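Look for chain A in each of the two complexes below; its partner is chain B in the first and chain C in the second.
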Partner chain A sequence: MTQIYRCHLELHDSLYFATREIGRLYETEPILHNYALCYALGFIDNPRYQTQVDSENDYRYFCRHQVPQYQAHLTKLNEQNIYVTPARSLTHTAVLNTWKYADNRYHVEMQKTQKNIPSFGRTKEIAPESQFEFFVISANPITFPKWIRLGKWMSKAELSEIQHFNNPQRRENQQFTVPYPLNPLDVMFSHHVIQFDTINMPPVSLIRNVKLEGCCYHMSQDNQTLTLPANMTYHFQP
Partner chain B sequence: MALLKTLDSKFFHADIPYKPMGKYVHFITLRITESYPLFQTDGELNKARVRAGISNRNTISRLSMFKRKQSTPERLVGRELLRKYDLVKPEECEYNVKFGMDNPDCIIYGFAIGDSGSEKSKVVVDTAFSITPFDESHESFTLNAPYESGTMASKGEGDSKAGEVTSRINQQDHIRPQVFFPSIVTLRDPTESSFLYVFNNILRTRHYGAQTTRTGRVRNELLGVIFADGEIVSNLRWTQAIYDRLPEDLLTSLDPLDETLVSEKATEAIESLMNDEFIVHTDFIGEAFTPLLNEVKTLTSSEDGITQILQQADQEAKEYAKKHIKAKK
Partner chain C sequence: MPYSLVFNFVPETLIPPDYATGRHLNALFITAVNAVDPELATSLHEQKITKAFTISPLQKIPPSRRDSPPRIPEILQAQHQRPIAPQTPCWWRVSLLDDQLFGRLSQLWLNLNPRQPWHLGAANLHITSILGTPQSTQPWANACSYEDLYETASDSNRRLRFQLATPVAFRQQKYDSALPTPDSLFRSLHNSWKKYSGIELTGFATENIFPSYFNLQTEILDFDFRKKGKASKFIGAVGRIDFRILGDVDSATIKALNTLSNYALYCGIGRKTTMGMGMALAIESRRS
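Right after this comes the complex of A and B.
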């Protein structure tokens, strides 16, 4: 039986990840990628959800290579029918921070840097108490952690499940509009995507205000109808 | 070899695991400024506009102590000790220059080197917020660099002309003494020695903030440790809970808060917040924490004790590095 959870996230620390890099300025866009959320929620390589990956790609404290293993990790979620949508901001503000590398030497001679590693810069971050919203669609019921960590600096955020739709209505061949951000790769194989706005960000740009045609879930509560595309799965070959 | 008698070994791993195993220890600290520290961005003190309390929903500006500005001085203290007791040679491992990858600092606090891989930090620190509002927690100072005569007017020293008034004058906001920053330091997957290593670093670190100034004295008062199987409440929520418990007139007064009162309310707040958490946790707070704190302090204040901790931590780090870092697949 399909379960749909509508979740809220409240930041308790400033959140940073680089949506864009403009010289020494690193900018965080107030939108959370669905890949990132899967990791943050602890769905990846977790025996609790039967998403363990083989030892070559498993999640370790020590990472030999700095190459993300999205395909190896997220395919396991497809097998378990767990899907997380990207999160949009409900309210947010931004803060600017500068950072610099600490140096422990008493005397430092200025040298030309050998490696291309920035030693100082500015980050535009999303301020504490900003709020986000996203959905989790799963074949089995899920219990969520209360506190999760997000972004490059592992910022603490409070997770609350605000609505749980048990067995939502499924409709075939509908034309509908989704105001929430979606991952285009995950819907374009199951739906006909008609219109959308793009949000540029790595590793896969997202879309929002999407008009599509295909299967959808229909949920109504308090005179409001929520529509989400059905059959969303992680896809990697465009 | 167990170093601690007051703690059950079930809280610790026998050796450092290669992947997250769901053991957490949270150090509950109050950071108290004792001089005029600086946590700033572009000449301005770092601050955040957040809600005052959990029940008091007004927004206020708070001073913030950014996460790495707390963890960096702490790990530097640990590194200093490792060098002092000859466990790390300066040329083998230099902070942010060249990481040795096999000592306690590198393994516990992590490192990232482009082509040699990266170790995730097992210590996570969150931004701490002042209990009192920004307005009551900072002061503006005028800084100047007078001539040796003690005046701002030149007598013709160096290249200057006699009678010229120096422009070496500036204004800078500083954080006041006795401002309280509740802060939780989280250590994932502790072994007994990594727990003690981090514990000792927190106890010993005395200076935070801008390295070029000599005024950043901060004292860490540990209120307790919590062993858990997950993350616990945030610094922000805890700070807000303390705010709610303090009388309004004290919070808006220009006088500093009383430390005994803050510690009492902070302990009360964390205890009540822990009741709302739905994870498994064992708390050592207040009286239950005293024997442990005393035991750790006795251990870390003797040369024997501290070398035991460092050696064990070093041995574990070396074993871990041999098994999981050096060995190519």
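Right after this comes the complex of A and C.
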């Protein structure tokens, strides 16, 4: 039976990851990628969800190669029918920080440098108290952690599940609009995507205000109707 | 389905004014298309008249306060006298008229993290977003199928208002005319509609259209083609012009003219719409 959870995140630390690097400015867009959320929620390589991966791809604190193994990790979620949508901001503010790093050892042997490369830059981060919203679609019930950590600084964020839809209504061949951000690779193979706005970010650009045609989940509660695409699974570019 | 797509981007280094012209933006678009579909890029490049796309000049997003979003000016900046500073948020519009184009280029919209960045002059462009749905703060982003444009057009509204945002000029025999007459304006729209929509506008006629209000001025654009014997200066009209449909006109004609005025957002009006000229918006009439 399909379960849909509508979740809220509130930041308790400032959140930083580089959506784009413009010269010395490293900018964080107020949108969380669904790949990142899967890791942050602890769905990857976790015996609790039966998503363990082969030992050569296992996910741990220290990774020797530092290369993301999205395909190896997320395919296991497909097998368990767990899907997380990207998160949009409900309210947010940004802060700009300037950073510089220097060698602060007491004794430094002076060596002539080849180039004068200053090591400073600015980061645009999402401020604490900013709020985000996303959905988790799963075949089995899920218990969420209260706190998760996100981004390059492992910033603390409070997770709350605000709505739980048990066995939502499924409709075939509908034309509908989804205001929430979606991962285009995960919907374009199962739906006809007609119109959208693109948000450019690695590793896969996201889309929002999406008009599409295909199967959808229809949920209504407290005079509010929510429509989400059905059959979303992680797809990867060949 | 015609699309009007707004590309928001930030340049990493300074963009010289010479590179902010329609000619370079046109080249940038063709280069981008070439990256995903070389065959399509060649066919777009070789189209001579009524091309299947239009391109806007490069626009800076004006600085704004946090509580009020930036407002897009009614008349856009057709050319720049000064270089555009690094890290200035900018936008640029591309409209696609052919039904198939958007789908064929979907790889381009979704793979915006290319290994080779987009360039204007020496500047690397970082595309932050592409808008393709109606926005409250950006009147130039939209998409609507040809059937919907026709079905939703009014058959009773007799006042057609246009905002000419970049210079509009028309070819008349050997020379160019910058004055938007009802005939030249609606014929330009109708030619594009006939080529790309596949829907016949029965009753299209321009005899009963008369200008009722205009606040126009001329603007000179220099494309700097650097080719001998090729005119590089274009004179066009920018501003507001309203037309009224007068006399005994049947509803099919009124519907055809309303359809065409709504279509102006996508196809532009007159000459050099692939170089940034002829961007026009139909302003909704209060009394329809």
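Keep this in mind: the second predicted complex is superposed on the first by the 222 of 238 C-alpha atoms of A that agree within 3 Å, B and C clash if a C-alpha of one lies under 4 Å from a C-alpha of the other, contacts with A are read in each partner's own complex, and residues count from 1 in each chain.
Just so it is clear, contacts are C-beta pairs under 8 Å (C-beta built on N, C-alpha and C of every residue); 3 or more make two chains touch, one makes a residue touch a chain.
Because the structure is predicted, anything quoted here is derived from the model rather than measured.
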item	value
Chain C versus chain B on the shared chain A, clash or fit after superposition	fit
First (chain B), second (chain C), both or neither touched by A:E129	first
For chain A as apex, the angle formed with chain B and chain C - C-alpha centres, to the nearest 10 degrees	120
Which of chain B and chain C A:N173 touches, first, second, both or neither	neither
Chain B versus chain C as contact partner of A:T98, first or second or both or neither	first
Chain A residues touched by each partner, larger count belonging to chain B or chain C	B
Contacts of A:E56 with chain B and chain C, given as first, second, both or neither	first
Touched partner set for A:W153, first chain B, second chain C, both or neither	first
Partner chain in contact with A:P184 - chain B first, chain C second, else both or neither	second
First (chain B), second (chain C), both or neither touched by A:P145	first
Distance of closest approach, chain C and chain B, by C-alpha atoms in Å	15
Shared contact residues on chain A - chain B and chain C	none
Residue ranges of chain A touching chain B (in the complex, touch as defined)	12-14, 56, 58-66, 93, 95-99, 101-105, 115, 117, 127-129, 145-149, 153-156, 158
For the chain A and chain C complex, residues of the former touching the latter	20, 22-23, 25, 29, 184-185, 188, 193-205, 207, 209, 211
In the complex, chain B residues that touch chain A	17-20, 41-42, 46, 48-51, 66-68, 72, 76, 79, 94-97, 114, 117-120, 122, 124, 126-127, 211, 230-237, 277-279, 324-325, 329
Complex contacts: residues of chain C adjacent to chain A	1, 3, 10, 12-13, 86-87, 106, 109-113, 126-133, 141, 143
